[in-house]
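Next come the structures, one after another.
Common to both upcoming complexes is chain A, partnered first by chain B, then by chain C.
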Partner chain A sequence: MRYDTVIIGGGLSALMCGIELARNGKRAALVAAGQSTMNFSSASFGLYNAPEPLKAIAQLPQSHPYAKVGVEQVEALAGVATEIFNIAGISTVGSAERNHKVITPVGQMRECWLSIDGVVSAQDDKLDFNSAALFVPEGFLDIYTSFITSALQQMGVMTSLCHFSLPELVVRRNNPTEMRSVSVARALDKEENLRALASIIVREAGDAEVVLLPATLGFAQNDVRERLERMTDRRVLMIPTLPPSVEGVKAERALRRAFEKMGGAIFAGHTATSYQTDENGEIVSVTTSKDVTLMAENFVLATGSFIGRGLEADRQGVCEPLFGSDIIGATSPLTDIDIYSPQPFMGCGVDVDEQFHILKQGKSVDNLYACGSILGGYNPVKEGCGAGVAIITALSVAQTIINR
Partner chain B sequence: MKQYSEHNFEQCTKCTVCTVYCPVAAVNPLYPGPKQAGPDGERLRLKGVAYYDPAIEMCLNCKRCEVACPSEVRIGDIIHSARIKHSTKRPGLREFTLANTDLVGSVATVVAPVVNATLGLKPVRKVVEGVMKIDHRRIFPKYAFGTFEGWLKGQRKAQALYAKQLAYFHGCYVNYNNPDLGKAFVKVANALGYGVQLLEKEKCCGVALISNGFVEQAKKQAKTNIKSITKATEQKLKVVATSSTCTFTLRDEYDHLLGLDNSAIRDNIDLATRFIYELLADGNQRLEFKSDAPHLRVAYHSACHMERMGWTKYSIELLKLIPNVELVQLESQCCGIAGTYGFKKENYETSQNIGEPLFKAIEASECDVVSTDCETCKWQIEMSTSKRVLHPIEILASYL
Partner chain C sequence: MNNQYDVIIVGGGATGAGVARDCALRGIRALLIERADIATGATGRNHGLLHSGARYAVNDRESAEECIKENMILRRIASHCVEDTGGLFITLPEDSLEFQAKFIDACRAAGIGAEAIDPKQALALEPSVNPTLIGAVKVPDGSIDPFRLTAANVLDAQLHGAKVLTYTLVEQLIIESGKVVGVKTLNTLTGERGEYRAQITVNACGIWGRDLAAKAGVTINMLPAKGALLVFGHRVNNVVINRCRKPADADILVPGDSITVIGTTSSKVPFDQCDNMVVTADEVDLLLREGCMLAPALEHTRILRAYAGVRPLVASDDDPSGRSVSRGIVVLDHATRDGVDGFITITGGKLMTYRLMAEWTVDLICKKLGVAVGCTTAVAPLPGSAEAEKVSKSCKCSVHCVSAKASVENRHGERAKDIDNSTAAKRALVCECEQVSVGEVEYAVNCLGVKNLIDLRRRTRVGMGTCQGELCAARAASVMSEVAGKSAAEAKADLKSFIGERWKGMSAVAWGDTLREGELLSWLYDGVCDLSNLKEQK
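And then the complex of A and B:
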């Protein structure tokens, strides 16, 4: 099959790149080896771990992916990203100028650029409510309730806690492992369950300003939170959960739908296993684990880092298994004995030139690009920029291809 | 190729994303979900058979967990293999009847008008439900009067005239229920310059036998098919099937579930839409389409095994090549029938609940017809929506 651009990957970076290409009239295909790490994200997107991320980004060394894009361009592309989320029907809050903070499932406050609308968020370390009632399903496994309530208390919010159950959730508890976010969200897709929850809230919330629930508000449907607000006549906000995250799954689904609606093709469940080149060393096609060969003018590697299997490590070192790209950051040792220190292996990734062309044996391949967490030269956890780098480098590569 | 240990479940990182995309877990809270039934349970089952939980038999073997898995764990295979190994359920008359598509088909096609009329009657279906535990609401596929094999044998001389030849694995559905699909395939193959032959001996691919607990019989039939396909392969004949599930079973389940070595022939077994699309995409082959063909809005449904094979795009792109066909791609989701699963009384509700979002999407698509490469999806969709379902090859043939 023939496309303008084949993107190897199916996660946030691949989807952003694909959507930007598709909405500019390019025929793009994604090779997605299973569901992506978006399913595990809390559905908040970090640009950089600093109160004013753009200012921090301007100071980064040239080896950092953001530095290759340039801070003005990072700002412009951050705007494009917000636009794409909007087109996909994902409503976000936040700005690249100034971070807000979100609460994590274990009650920590984290710097953040964009959040799904309806997630509890703080500006300048302040929440905009003084009292809350937290409703958690009995036996729910995906948030640490006491950490959440104590974090809220510390921020000066009077929080009451109510455990609730619904007949359908009682059945779920027969299975010790499945009292999870997705199960609750599926139950709340049903009108009768939502009404039952609404009446529990009305009965139990007292005079709390805000009702808090784990982010389990609807799996197939997108307006469950708003409907619950109308039914209870309260502001309802969500606490992010452990993975798989309902909001992450919904965000991935929305981006995939948007991409396909624009004419993009997704080869789901395919792993790219080999590639073919012409006499100049340019890539002509890739072949997948399902015996499908995809030809294109341009190829983008967005297979993620270790968890997405974009990078592999063994005792000999780190490699990128598909193209055998050059690797940077594979210093020895790859790990720090102190588990809480930034781990050196997180800085590993494929080596690219200023336009994100992949380098092989020090030479760039003209029609082969890399974007997202497969890139090296930064630490996504310490810098809180995993999603930001995925999005910004994807859009940068897309624009290079469009202008080619 | 990556070398995995014998225990593929070791690749599981416990991310649980498979359970998110499991159609059974979505509607039936009693099902433990693919992670628990598959890799987690397998780890325990290695310790002893006492850890076998019959609840895993609610799995309908759609393999959507495997498509969702980021770590290439063959979750569906793990579940189904455990079931083959440990299930204490013994198949009864119902399972025998549903699984023996060849035997039942051979008898039914001889007296098709009687069978069709009888099974169409509600009181009869009530009796069938009482005796067989096959749900009375389930509508049976009609049997044809005379088999496809019989028809093609009559065409032998005409087919031999074509310079290029292929072998067609028609499957039970084409042979006993819908010979017209087989005839449509022959028409398209002929238009591309291929004569169509039968395999030396074709048996039911065995998918229904496997899922109904007749594994030894499935192996026996699989060996016959492997032998016939090997012979065709030696004669340089491509083996092409119209049914996505037959294709998937021949290529993957023979090895993964029955433990039979099909490596020498696997690559020579192709799906009809893929085979034809690749001929046309090469640019060397062309099809002459009718100039006055009517406009048709087609909604394409990706069957589960089609999705697992990863070949959905071939059918979609092939349909897009037909002038005046307007294609709507339905979001890929299970229709709920899963072969013989949905026929069983105890599965009827689950089956229809799984399919509900798809049925709604089909009604909302404002299509003229639905298209899919799977015959059992066709039965389910025709029973549960207002739309007719055609195989992509039937649509293609009608435009030639």
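And then the complex of A and C:
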């Protein structure tokens, strides 16, 4: 099969790159090995940990992926990203000029750029409501009620707590390992369950300004929160949970659908295992674990960091297993014994030139690019820029390919 | 408040807990003081091997005999802490079969059942064993959960009237006319200071006993010997595998619950490192290299974490050079040794002989106090092992499924019936790897003295499984805050330190899947949850 561009990876960066290419008329294919790290994400995306992220990005050293893109381009591409989310039907709030804050699963408030609409968020540590009623499915332990209520209280919001149950959840609860965010979300896909919840809310919420629920509002359906708002005539907001992240999974699915709708192809369950080159060392094709060979003009490596298996570490060091790309940042040791200190391995990644061409033995390969968390030279956790780098570098690579 | 006791025991490892229990069973009023949680020192940092004694048979007959006797006793009194895995001593081509012959003779002389079996039989018994073996001997090794064992001793001591203070530091010994008459303490959680008095104070502090003795002006020449171990991500072997040669580094592979442990190394460390053991890359190399000789599958098995403990070795009193080390049990009566009355040190020995160490100590205490009650700890079962065989039928704990029921009974024996799993809310699982319910967390907080998440891990195995707490720690923190009445800020600080602690053991072996887990851990707790920016607690 022949494409303009084959993207190896199936997460946020691969999807963003694929969509940008597809909507500009390029034939693109994704090789998506399995679940992506969007399953672990919260319901928000960080650009950079600073009240005004673009100002901070302008100061970054040349080795940082954002510096290769350039701050003006980062700003422009941040706008493109918002547009793509919109096209995919994911409504977001937030701007790249000024971060807002979003509540974390343990009730901290952290800086972020875009949040999926409906997550509890604040501007300048101030929420726009004064009272709330928190509804928690009985036996569901992935929302930490005391952390959340105390965080809200610190921001001046009085919160009442109500545990609820629904006939379907009672049955599910007989197997406690089933009381997960995805199971609850699936139950709330069903009209009768949602109506039952709505009537509990109407009965129990008192005069609370907003209704809070763990981010488990519908799995297959995208409008559950809005429907619940209409049924209860209240504002309904979500508290993010630890994995699996229902909102992360839904966002991934929406992006995949948008990509396919634009004519993109997804080889799901395929892992790229080998590649072929021409006499100039340019990539001609990649072959997958299911023995499918995909030919293209351009190849983008967006397989992620260690979690996504884009990078692999053994006792000897770090490598990029598919192309054997040059690696930067593979310090020894790779870790710091304090988990809350910057972890050296976070800075590991494939070496790229200014246009994100991958370097092999010091020489860039003209039609091979890398984007997303497989890049090195930055710390996604400490800089709060994991999602931002995934998105911005993906769009930057897509535009380089489009302009080629 | 009555702060007068017959005996104060300092140190909440297996030995201290054993002394407290033995005292309580003999009607002696005992107070056990531990600076952190129970089983935090060497007790919780070893293989968890129920030695048959075979390892010592050739070189140290006395230790071997003690081990096999205690082995048989623990199988009876602590059945819920013991798993009868059996053990193999294997001879590899580079080892000598002559040693095997000598080994079997020595085992038999020490009363240890040792049976040579054909290498093929050994492979059938334990398919993970190195297939190049040329000889194998079956011995009655097993595995033992040191946390459970210590908790059961503490619980029984309390049931018989002993008082237990954890997170309490002994700042000073109270000495009046050359006699130790009590201790001054600091509660490290509340900052509260206390004073307790007793006729006798027992130093059961392991390697830290040197410092306590110094407070009485007594010198004990101790040699901290570090032992590093690795935990593998699943149960590679079902039978304990030892190397049949002179005891050396990393030659014991022990299965325990859902994991397997290889150890140990042995190296001298300075005293100032005893509180902060870090496993080095060289130690990891050695453990892996030798471990693969026992079970080649280890080469491709995920390593969950590395940890190390410190053996409290004591230099013999009659050797001024300090080179001659006693590996046996050391009871020091400081009245006769140093002219300091009311002060006894119990040290040396090993986890296997904790009960015997306690018996000797309490025999000495009885002599001093004029108490004429004999020791019953060799026959009286620990709580949890009282009616072990009847548990499964009689236990009314309505856990949702067979695996959860088995897990909870395995951990608490017949005490599982005290765990409230009567409602769906109580049955909700906090830790899915190890099947720990909300009810079990409540029981651990209310009945087993759990103060924080790390304590909870020692009592229930929360976070000890494959995910190392990645997905259950926050749940557990939230449940703990409700059950133990902690503020959200305290509970979050507890969560932060629990995750930090888990990572310490992972970072030494952070490559392959363990690095992946580490990246996720950092993402989730430093990134998604933003725990780094937790405001510091007072």
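Here is the rule we use: the second predicted complex is superposed on the first by the 404 of 404 C-alpha atoms of A that agree within 3 Å, B and C clash if a C-alpha of one lies under 4 Å from a C-alpha of the other, contacts with A are read in each partner's own complex, and residues count from 1 in each chain.
Keep this in mind: a contact is a pair of C-beta atoms (placed from the backbone, for glycine too) under 8 Å apart; a residue touches a chain by one contact, two chains touch by 3 or more.
Just so it is clear, the model here is predicted, and its values are computed rather than measured.
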Combined model on chain A where chain B meets chain C, clash or fit: fit
Which superposed partner A:T271 touches (first chain B, second chain C, both, neither): first
Which superposed partner A:N175 touches (first chain B, second chain C, both, neither): both
Which of chain B and chain C A:T216 touches, first, second, both or neither: neither
Partner chain(s) touched by A:L141 [first = chain B, second = chain C, both, neither]: second
Residues of chain A touched, compared between chain B and chain C (which is higher): C
Chain C, chain A and chain B - angle at the middle CA centre, rounded to the nearest 10 degrees: 90
Which of chain B and chain C A:D338 touches, first, second, both or neither: second
Touching partner for A:R110 - first (chain B), second (chain C), both, neither: second
First, second, both or neither for A:D314, with chain B first and chain C second: second
Contacts of A:T393 with chain B and chain C, given as first, second, both or neither: neither
Partner chain(s) touched by A:F40 [first = chain B, second = chain C, both, neither]: both
Shortest CA-CA distance between chain B and chain C [superposed frame, angstrom]: 6
Chain A residues contacted in one complex by chain B, in the other by chain C: 37, 40, 174-175, 177, 243, 307, 309
Partner chain A, residues of chain C touching it in the complex: 278, 281, 400-401, 404, 424-425, 427-430, 432, 437-438, 471, 474-475, 477-479, 481-482, 487-489, 491-492, 495-496, 499-500, 503-504, 507, 510-512, 515-516, 518-534
Residue numbers on chain A that touch chain B, as the complex places them: 1-2, 33-37, 39-40, 168, 171-172, 174-175, 177-178, 180, 182-183, 186, 220, 243-244, 249, 257, 260, 265, 267-271, 288-292, 307-309
Residues of chain B defined as touching chain A within the complex: 13, 15-17, 19-21, 25-26, 29-30, 32-33, 35-36, 40, 66-72, 267, 281, 307-311, 313, 317, 329, 331-332, 357
Complex interface listing, chain A residues touching chain C: 37, 40-42, 104-110, 138-142, 144-147, 149-151, 163, 170, 173-177, 179, 240, 242-243, 305-307, 309, 312-315, 333-340, 343, 345-346, 380-382, 384, 386
